[in-house]
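In order of appearance the chains are A, B, C and D, and numbering begins at 1 in each one.
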Amino acid sequence: MSLSVALIGATGYTGLEVARLLTHHPHAELAIATARAEAGKPIASVHPSLAGRLDLELEELDPVRIGKRCDVAMCCLPHAASAETVRRLVDVGVRVIDFSADFRLSSLRVYESWYGVKHPWPERVGKTVYGLPEFFAEEIAGADVVANPGCYPTSAILPLAPLIREGLIRGDDIIIDSKSGVSGAGRSAKVGTLYCETNESIAAYAVGCHRHQPEIEDLVGRIAGREIEALFTPHLTPMSRGILSTIYVRPSEGLAAESASGSTADGSTDPAVDRVMQSWRDCYAGSPFVTPVDHLPATAHVAGTNYVQMSVRRAGERLVLLSAIDNLSKGASGAAVQNMNVMFGYDQQSGLG
Amino acid sequence: MSLSVALIGATGYTGLEVARLLTHHPHAELAIATARAEAGKPIASVHPSLAGRLDLELEELDPVRIGKRCDVAMCCLPHAASAETVRRLVDVGVRVIDFSADFRLSSLRVYESWYGVKHPWPERVGKTVYGLPEFFAEEIAGADVVANPGCYPTSAILPLAPLIREGLIRGDDIIIDSKSGVSGAGRSAKVGTLYCETNESIAAYAVGCHRHQPEIEDLVGRIAGREIEALFTPHLTPMSRGILSTIYVRPSEGLAAESASGSTADGSTDPAVDRVMQSWRDCYAGSPFVTPVDHLPATAHVAGTNYVQMSVRRAGERLVLLSAIDNLSKGASGAAVQNMNVMFGYDQQSGLG
Amino acid sequence: MSLSVALIGATGYTGLEVARLLTHHPHAELAIATARAEAGKPIASVHPSLAGRLDLELEELDPVRIGKRCDVAMCCLPHAASAETVRRLVDVGVRVIDFSADFRLSSLRVYESWYGVKHPWPERVGKTVYGLPEFFAEEIAGADVVANPGCYPTSAILPLAPLIREGLIRGDDIIIDSKSGVSGAGRSAKVGTLYCETNESIAAYAVGCHRHQPEIEDLVGRIAGREIEALFTPHLTPMSRGILSTIYVRPSEGLAAESASGSTADGSTDPAVDRVMQSWRDCYAGSPFVTPVDHLPATAHVAGTNYVQMSVRRAGERLVLLSAIDNLSKGASGAAVQNMNVMFGYDQQSGLG
Amino acid sequence: MSLSVALIGATGYTGLEVARLLTHHPHAELAIATARAEAGKPIASVHPSLAGRLDLELEELDPVRIGKRCDVAMCCLPHAASAETVRRLVDVGVRVIDFSADFRLSSLRVYESWYGVKHPWPERVGKTVYGLPEFFAEEIAGADVVANPGCYPTSAILPLAPLIREGLIRGDDIIIDSKSGVSGAGRSAKVGTLYCETNESIAAYAVGCHRHQPEIEDLVGRIAGREIEALFTPHLTPMSRGILSTIYVRPSEGLAAESASGSTADGSTDPAVDRVMQSWRDCYAGSPFVTPVDHLPATAHVAGTNYVQMSVRRAGERLVLLSAIDNLSKGASGAAVQNMNVMFGYDQQSGLG
């Protein structure tokens, strides 16, 4: 029997991506999709790509009804509003994958200072698993609530965490220069994301003050058991989907020493580069979606998939780590399906390309 | 001494293009730019590309002040609102180039039925020159108000009008399939023109019911002295600027007969095609921006310029006319500058690339 | 047990799309992929998006080896070269889906005149099923060779054929104005399809002389049992994938009479439009991918899928048919997988989004 | 009387941009355009956007003829080939603006090791002015040969040089993360820059080993009188034109101390940020194209112009400098026209938007 899934907040791009992925899923089915302003309309009227593929009427959010019909809910609401809804869903026995930032951070204080709101369910902050199955699969399997990771954090944590944990790189000199497609800005009508504003243009935004910076620092710290400090600069890039993160780090003294003594007689490889690749291969041996590659990854290589391509280059005294993901898939809805798979005992790759 | 220009409604894409063009103009200068919601801010805060290039504060619309300081106003307001403003500007002695559709059509009845509003200055409908200097330069030179043409109409009238006037093609079997860049939809925040909605996608809209259809029929009729009927289908195309019109017509009996007897001994040319090219060359000999070409025009060939490239191919019993313009330049703001040049006795090409 | 598939000519965009689709297919697996110039390299070196997803070495074409290992071959070679290879594969007992135009047309004479080559296997011309399962599923099921349809033809035949067959529209006044993404031009290095040549630009090409015109006429004629003549104009559109066809037709006398007497008391519907929608619904009731829709289809609505969205509008005396497909999926590789599913008795939708 | 200009190597994007800019120039005219493979054809056959705007026949390179007819040559040939041609042109008395890297670097050894060729005119290496009029206007005015700057270097040198010269930032911890439009890769047919390879995708290339890295280090060093070391990573971005450079630097001890004592009582400004802005304003007071701005610059803000927008943000202990240019204009052909203006005593802005 199929899992029955509720999608809360179905009108945005992450909602569409969830719906799209579930039309392919062998073990799950979208049973309820909510959207306050559009309740009563067919979902295809909001997402015309679903015409003929998904016959479902949008409805108002009704936790009791969801509790009766669904095993799991994917909650795509804005922060704070999300935590409230998550609480009501948990109360009626539905397991929840929360797309918001409400339960991602360890610290209530950090959350409230970066998000500027009072948290509606503070008891659960710091006590909710972060939905990165590459590190937290066991806890996800048993969780009632999973905090689905942010898109930029996914692209940064995956390359950084094992290297910090193994002490291969320094934690105090990390620069993350990320480039995201426009879908990351959501589907609400704003002049700044009109076609003619973003087409043929790239620009940085929120330099040094984006909310994903504390999330990256928090999670790498939790995974690696060592605090880090990162400078994070996101850029709006003229493409619909994808994140490329170019990450500038310094080898630790240990790795530097190791590299200095490494054999590069034939000049073809760099011991520090090899060591990073090895660390990634070891760490992600059981993770089907994380793919260390020799070539320089492009966002198009992972577009529409749940894969992460990661690579590394030496540049003078620094190492440059590069990672590419699809921000709507591994950066949001694909990760949610992957989490759902883990929560309900399916293969992580079920229904994911 | 320089012309002093007022720009009414400066925050949209046509407003920006006017401002940009005037920074290059050897004989005109932007003196006043109005924008209700942004009054008091520097124009560069709304259009960051003008930073360091145009130091002007946006202000509220004040016709009296404009009357004192400006020779000419470019009015980029929505229809109906525009006509009201044009009237007030004319009252204080300012000559006006109106970007709206308010004074383009010959018939008040047709205007009110297609635009669904009562016309605020009905006496001037049918008595205002249409700002296509290729046909109406003399009247434009003396006009107090010029109705700046619609973007699609410019791309259709220029190739069609001379052929209809000379009786080379039939007036009752015309299909205009136009493809426009997204800037044609304006700069207001709407989901439909968000980057992710229009990128990587082409779609028709307003099939057979777009307001530019009566404008095309009216103007070709006026210029050619013969009524025509046209089917017009616009498409939203994933690019910022440009219109390509692919126009399917049938040769008149006269041209068909002429062609049948024409010499194509060497197979290299088609007499009907030659006749169309000749008609265009004759008609536009004195028009610096209209360029009949042998190659198939692409919108990129005219992007950022006031030029029109037009070409023709034979396909079975039909002729296919193709025209490319930049919708914001020759389709709007470039045409307005061209009209201004004619109104004030400058070379048509002054300040235009 | 899985089907074993050979992919002949794996380096292009259709080859990549076949490989990608097969990584998801529940009943088929890519066993062999050939590429003359790249033999010996991993397929991911040519298609980096397959890194970590498909571990296969490209090899030289060896029909005997394919005969031993594979049930079916997808042949993505240029025309003429393809027919030669198809013949060799059939000789060793492999069933073939041929992406080229070599076996699509009924007439050898038409083929040789439009393609300018001598056909390498003329006996099979006119005796090979056309791979449109919506009309030829039974023959496809038993075929040794299936001629996979052209991309533009798919977008035109599906909306036209049922209407011609039912006598709803005239066969002698059809204009097909198609807009294709750039991937339709293939992956070989040419200046004309460089990013900077096609970005921000739309242009027509091969007006009235594209090779898909006779294919459309031939197939609609075969399906409907009535000859038609169509004017076909393709356009290169600044997007990677997708075809939108805007098709201008005239109702037949029968439909016109029927419509005139139809009830449109409430003004909300047009009887001719209803009749077209009904014809499509009847014709495609058993076809899971063909979706008549009320909205105007956009290529983004079907991107990455095997679906076809079709719509119709009345415009004066004409009807405007609109269809959207993904040129690489339903227009090529998706159709091939759909054909493979039919040939081997699987559900048409197996492995297709 | 107009300057007479020769354009050597007219078929690429920089050649087109030179030709386009000169059609607007009040004091210069394109007299000769050379292109080996296309000699004898009209320039518009290679650049259809010039149809009707520039009537010139491409010809073979003939230095003697250029010497007789032209005052100045713009040389858009590949490195090494360029130096040879520059020498021949200088021999016949033509002043040359060289777009290649042949005369940009101070050191022959560095040139030969990074470019992998023997320099054809080694005597001039280190003795040719670098064409950045913001720093070298006087030498440019008298030069027979000007080395037109690289595109990435322009975007990095302008924000960095004054800060290094004033000792505001450290020279040993500089990371330049640059994002370029695809036109930077030139107009030759290569798979890697096909539309479908670069559209919807961003990727790094030449990480830590791009030839513009030594150029940036060399020039900042020359201007500032202090050696620096920079890590440079270029990225191919899905847009035709533009470069955004995001530059991570550390304040010098001096600036750090100064900042610490600076007044930020109201929290609204950062003394280090103010100091950087002041340094730029002072340095570029007489430079019409360099525009320090408060907003975060986007490449679209400078597209099609010769302007440079630069901004700065504080992020933890680092400063983030951002600069946006049009790679074909200020990054190549616009800079060349600016250099020509300086060489012949015109206003720097003549003919530049």
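Assume a residue touches a chain if its C-beta (ideal position, glycine included) is under 8 Å from a C-beta of that chain, and two chains touch if they have at least 3 such contacts.
Computed from a predicted structure; not experimentally measured.
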(request) Could you pull out the chain whose C-alpha mean position is farthest off from that of chain C? (result) D
(request) Between A-D and A-B, name the chain pair that shares the greater number of C-beta pairs in contact. (result) A-D
(message) For chain B versus chain D, what separation do you get between their C-alpha means, in angstrom?
(response) 36
(message) For chain A versus chain D, what separation do you get between their C-alpha means, in angstrom?
(response) 38
(message) Using mean CA coordinates as chain centres, what's the gap between chain A and chain B in Å?
(response) 46
(request) Check each residue of chain A and list the ones that touch at least two other chains. (result) 181, 197, 199-200, 238-240, 297-298, 300-301, 303
(request) Write out the stretch or stretches of chain B touching chain C in their complex. (result) 175, 177, 179, 181, 197, 199-205, 207-209, 229, 231, 233, 235, 237-242, 244, 246, 248, 296-301, 303, 313-316, 318, 320, 322, 324
(message) Help me check something: in the complex, which residues belonging to chain B touch chain D?
(response) 20, 23-24, 48-49, 51-53, 200, 291, 293, 295, 297-298, 300-305, 307, 309, 353
(request) Would you pull the chain A residues touching chain B in the complex into a rising list? (result) 13, 181-183, 187-191, 193-200, 238-240
